[in-house]
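Structures given as structure tokens follow.
Note that chain A is present in both complexes that follow, paired respectively with chain B and with chain C.
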Partner chain A sequence: MNNMFRRLTILIPYIWLLVLFLLPFLIVFRISISILEYGSPPYIPQFEFESWSGFMDKVGMFNLDNYRFLASDALYRNAYISSVVIAFFSTMFTLAIGFPLAYGMARASSSLRPVLLMLVILPFWTSFLIRVYAWIGILKPEGLLNQFLLALGIISEPLTILNTNAAVYIGIVYSYLPFMVLPIYSTLEKLDYSLIEAAQDLGCTPLGAFWKVTIRLALPGILAGCFLVFIPAVGEFVIPDLLGGSQTLMIGKVLWTEFFNNGDWTISSALAMVLLIVLVVPIVLFQNAQAKATEAGK
Partner chain B sequence: MKSLGNVRRSFAPWTDPKSVPYIRFENVTKKFGDFTAVDNLSLDIFEREFFSLLGPSGCGKTTLLRMLAGFEDPSEGDIFLDGQSLKGVAPHNRPVNMMFQSYALFPHMSVEQNIAFGLKQAKMNKAEIEDRVQQMLKLVKLEKFAKRKPHQLSGGQRQRVALARSVAKRPKLLLLDEPLGALDKKLREETQFELMDLQQELGLTFVIVTHDQDEAMTMSDRIAVMDAGVVKQIGTPAEIYEAPDSRYVADFIGSVNIFEGKVKENANGLVKLDSPDGFSEIQAVEDRQFETGQDLFLAIRPEKMNLTRERPTEANAASGEVWEIAYMGDVTNYIVKLDGGKMVRASVVNRKRSVENPIGYDEVIWVSFEPDGGTLLDR
Partner chain C sequence: MSGRWTWFNITSVIFGMGFLYLPIVILIVFSFNESRLVTVWAGFSTKWYGELFRNEALLDAAWVTLRVALLSASIATVLGTLAALALTRYTRFTGRTLFTGMVFAPLVMPDVIIGLSLLLLFVAIGFDRGFWTITLAHITFSMCFVAVVVQSRLVSFDESLEEAAQDLGCTPFEAFYKVTLPVILPAVVSGWMLAFTLSLDDLVIASFNSGPGATTLPMKIYSQVRLGVTPEINAVCTILIGIVATGVLIASIIGRRRDVQRKLDEQQAAQEG
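Let's turn to the complex of A and B:
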């Protein structure tokens, strides 16, 4: 009885993954090896009840042409590279801002910590889309930021930030900051301060102790934060679409264009498959790092 | 020759007015906001001394230790180490190492990496570090555990790693913050002797913070009993135990009976007190002079009390009823309710395996003690 219950509870996540990951994945994969065809749905082969030989003929139509096309066109390659580059630098910026934030939170008095934690989570109460829209109002030429800088006399002409890569970076860093802060905070909060004192006692300068103890022990949190930011940032669509300019090349946007503007389901499915492969590598690295951290026992 | 108990070793620089203290606290005050943790405290500790700071939690003993390590600065006053003021000297520049209460072992480093940590900071060369680490591992008998991480060790083993790490740099002064607190009783007793051996062997000065009086008594050359930021008394374990100079110290160390009384007579080195506690009078051998009528306290340890069924011939005797008996194995502790209502503790050593007709519950018996058994206290 107990055993059955246990199996049942294990079964639930498997069913979840099967229905919501594996099936859609197989559907997308099947479309990515299909042939574009004007119709509904816009690809062939379509399977119906028919003879065995007709079925085999249709199976024989599957091919890798879409992938070959992706490889032959520099636009796609550049979009992947540019996405990874933008995601990488965004992750670094997020880390540069998120770590001091998390550190300050973890070192704040214990009565203040829940409030600070709340403040980090608070933006989630407003829709992500609305918050990105709000940045348009801040960054546009006659927006809040330019007005403010002009009023202070720091600049004499409005800066062009909106519709550039800079705006994309700002949007990604802003949107994903909590995903960086929270895991780092949780590792720093557990950090026993006497370890830092011990390092200083044994001859480390405060900076040395910070590097050898604080950073080193926060590493699992830093890694988790980096992957939580990097992975979704690579495939990000909303932020480059709303804040980026015409020269902002990101795979999410290319995929959107192929699917909705060009109606090319097969190419966009192939794009999605390749994106998945691009992301699987860091995900596997992440899993390894996590496993190692767990093994280290702390 | 008469002396107060035994001493651990013939080492007593504090009795020599010419000896120079190694550590000197000079009118040190430490405040945290409104709270005064250490209050205008002066204290000398000598080289190669095993010195204990003993007191209840919150008495300021850990703050004293942390000021020596450099983690806290005195609000007022100054601390001198080997004649040099420690003002403004950062922890990493002090020739002092500390063993932390939580051990503070680096969880991401193996045992040998933990021990080598301080040596690497000191920029020792690789071969030397290797040598020293092996030496330390041998010292704490952890050779087989060199590659383990702290979480793979037992509490006792972790304690040894912490100890090895803190002595690896050969500091002249080692600070130990409740070093044995997390160990079980048997292991704690073993480790106490190991610590003493280690201190002798390496010729270090140890300053140890503890709230465990047995620990302080066992290991120390001298003990400072602290309360609320001040030192109540400094002395050898025997002095603290046999000649406490206040009721606080008498009560804090071991168990004690305290009788109140007014001075009735004071002559020929003998003080006689009128006692409301059921003694016709209390006599105490005493060199000091007290005024007639002065209120005094007599502190006397349970093992110096005698229990008899017949009225004893000793001067200090009172009758009472056996209230509680606790058999501890080595001794049996009695609580006797005197006729005046006061509860008195008495310990009787169990010298034989079986006793015929032992004193039992509810018996009316006599409690007595010798005039030189207790200490007169005026505070």
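Let's turn to the complex of A and C:
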């Protein structure tokens, strides 16, 4: 009886994820090595799985044309590079705003902290799409930011921010800020302040103590926050589509266009496979960090 | 850690909160604007809200979204709670590493990949796209978020309580239902709420997996946003923000009350003992 309960607890979610999470990736891979065909579905599989013994013989028959096409076309290469670059710098900006915020929250009085925490979590629950949309009205040439800056006399002509990479950075930093603040806050909240005093008593400058104690101890939170921002930001679609311009190249947007506008399922699948390969290292690092955090919680 | 609340700390909190809230506040304010122009204030009006309730296509989309969210959040909560139990209780079983990977990966996996891969699965097995494919897709990614939320509560739960219940004659299921579930219930409820809002919010995965007749509210909002900023969209967004904010606030107040009550009970028990 006990065994059956245990078995079901593991098997039900396991099978669900195998069928609806892992299997789809195998299908994406299969289609990425298929040939584009105008029909329904719009591809011809080049590879049918029959048995493991036949499997290795067929590896040689994979049609890698889609991957060759991706490698030969500068558009795709640049899209990958620029996605990683934009995601990296956005992560750094998010850290630059998120860390002081989390630090300030952790240092607030214990009655104020739950309120501040609530305030950070609340936008995290409200729609992503809505929060991105909210920036369009602010960043437009005749938008509120330009009206404000013109009224103050800081600028004499409206700035073009919407439909540039700058708007994409603002959008990513804004949308992902709670993902950065929450893990950092949870490590800083547990930090024993007497450690910093001890470091200072032992001759550290305040800045030295901050660097050697606070940052060091908050590192798991900082890393978790960075992964939570960086990985989804690389494949972001909504932000570059709504806030970026025609020159904003990001792979999520390219994949969407190939799929919905060009109907090219095989290239979309190859794009997704390569994106997955780009993200495999950060995803594995993130999972290890999560698993460690779980162990530490025990 | 608390105590010194320096000027630097105050400034960074005010700046951070201002950054988080200003765009939302502006969006809400302009949903009550008389003028069609969303950036010029022309007086207070609720006419855009009135127009929303006459927009049939939008109401249909809202109804689809609500049904998908209720159904997918409920199933995801059951699956996610089971996954959390499997992760925390059973440290040894075949394929545990793969299982852990599959639970954590969707948390950071870009939406376009999840959306595309599920769509290709549904096409490969000949499943018609529509309401059910969106629901299945939402269950799959949101159950992982539920699992993480519930797991964080389960790690601090004393398993021996459940063993005691079994020694006293409960079946494993009864022991879980009567002992563990009440303790982890707050996490299960917040897991459900998270799954619900994730589903309510999703544009990319729903777009890949939707079919004729199954347009969700975010898909509708997105197609209108592409045409430009309008006060109607501001009004829809304001209503959505209002619903979510009310839900989260109520949940946190109830959670707070329960904590306070529990502390009082503990104190009382300590005094009596």
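Following the convention adopted for this analysis, the second predicted complex is superposed on the first by the 263 of 298 C-alpha atoms of A that agree within 3 Å, B and C clash if a C-alpha of one lies under 4 Å from a C-alpha of the other, contacts with A are read in each partner's own complex, and residues count from 1 in each chain.
Quick note on the criterion: a residue touches a chain if its C-beta (ideal position, glycine included) is under 8 Å from a C-beta of that chain, and two chains touch if they have at least 3 such contacts.
These numbers were taken from a predicted model, which means no experiment stands behind them.
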{"item": "When chain B and chain C are modelled together on chain A, clash or fit", "value": "fit"}
{"item": "Contacts of A:235 with chain B and chain C, given as first, second, both or neither", "value": "second"}
{"item": "Partner chain(s) touched by A:9 [first = chain B, second = chain C, both, neither]", "value": "second"}
{"item": "Which of chain B and chain C A:216 touches, first, second, both or neither", "value": "first"}
{"item": "First, second, both or neither for A:275, with chain B first and chain C second", "value": "second"}
{"item": "More chain A residues in contact [chain B versus chain C]", "value": "C"}
{"item": "Which of chain B and chain C A:208 touches, first, second, both or neither", "value": "first"}
{"item": "Touched partner set for A:200, first chain B, second chain C, both or neither", "value": "first"}
{"item": "Contacts of A:192 with chain B and chain C, given as first, second, both or neither", "value": "both"}
{"item": "Chain B and chain C, minimum CA distance [Å, superposed model]", "value": "11"}
{"item": "Interface residues of chain A shared between complexes with chain B and chain C", "value": "192, 297-298"}
{"item": "Complex contacts: residues of chain A adjacent to chain B", "value": "192, 194-195, 197-206, 208, 213, 216-217, 296-298"}
{"item": "Parts of chain B lying in touch with chain A, wherever the complex brings them together", "value": "69-71, 90-92, 96-98, 100-102, 104-108, 117-118, 121-122, 149, 151-152, 165-166, 169"}
{"item": "In the complex with chain A, residue positions of chain C that touch it", "value": "1-6, 8-13, 15-17, 19-21, 23-24, 26-27, 30, 38-39, 79-80, 82-83, 85-90, 93, 95, 98-113, 116-118, 120-121, 123-124, 136-137, 139-140, 143, 147-148, 151-152, 155-156, 166, 171-173, 176, 193-194, 197, 200-201, 203-204, 207-208, 218, 221-222, 225-226, 229, 233, 237, 240-241, 244-245, 248-249, 252, 256"}
{"item": "Touching residues on chain A, where the partner in the complex is chain C", "value": "1-2, 5-6, 8-10, 12-14, 16-18, 20-25, 27-28, 31, 41, 97-98, 100-101, 103-110, 113-114, 116, 118-123, 125-131, 133-138, 140, 142-144, 147, 174, 177-178, 181, 188-193, 227-228, 231-232, 234-238, 242, 252, 255-256, 259-260, 265, 268-269, 272, 275-276, 279, 282-283, 286-287, 290-291, 294, 297-298"}
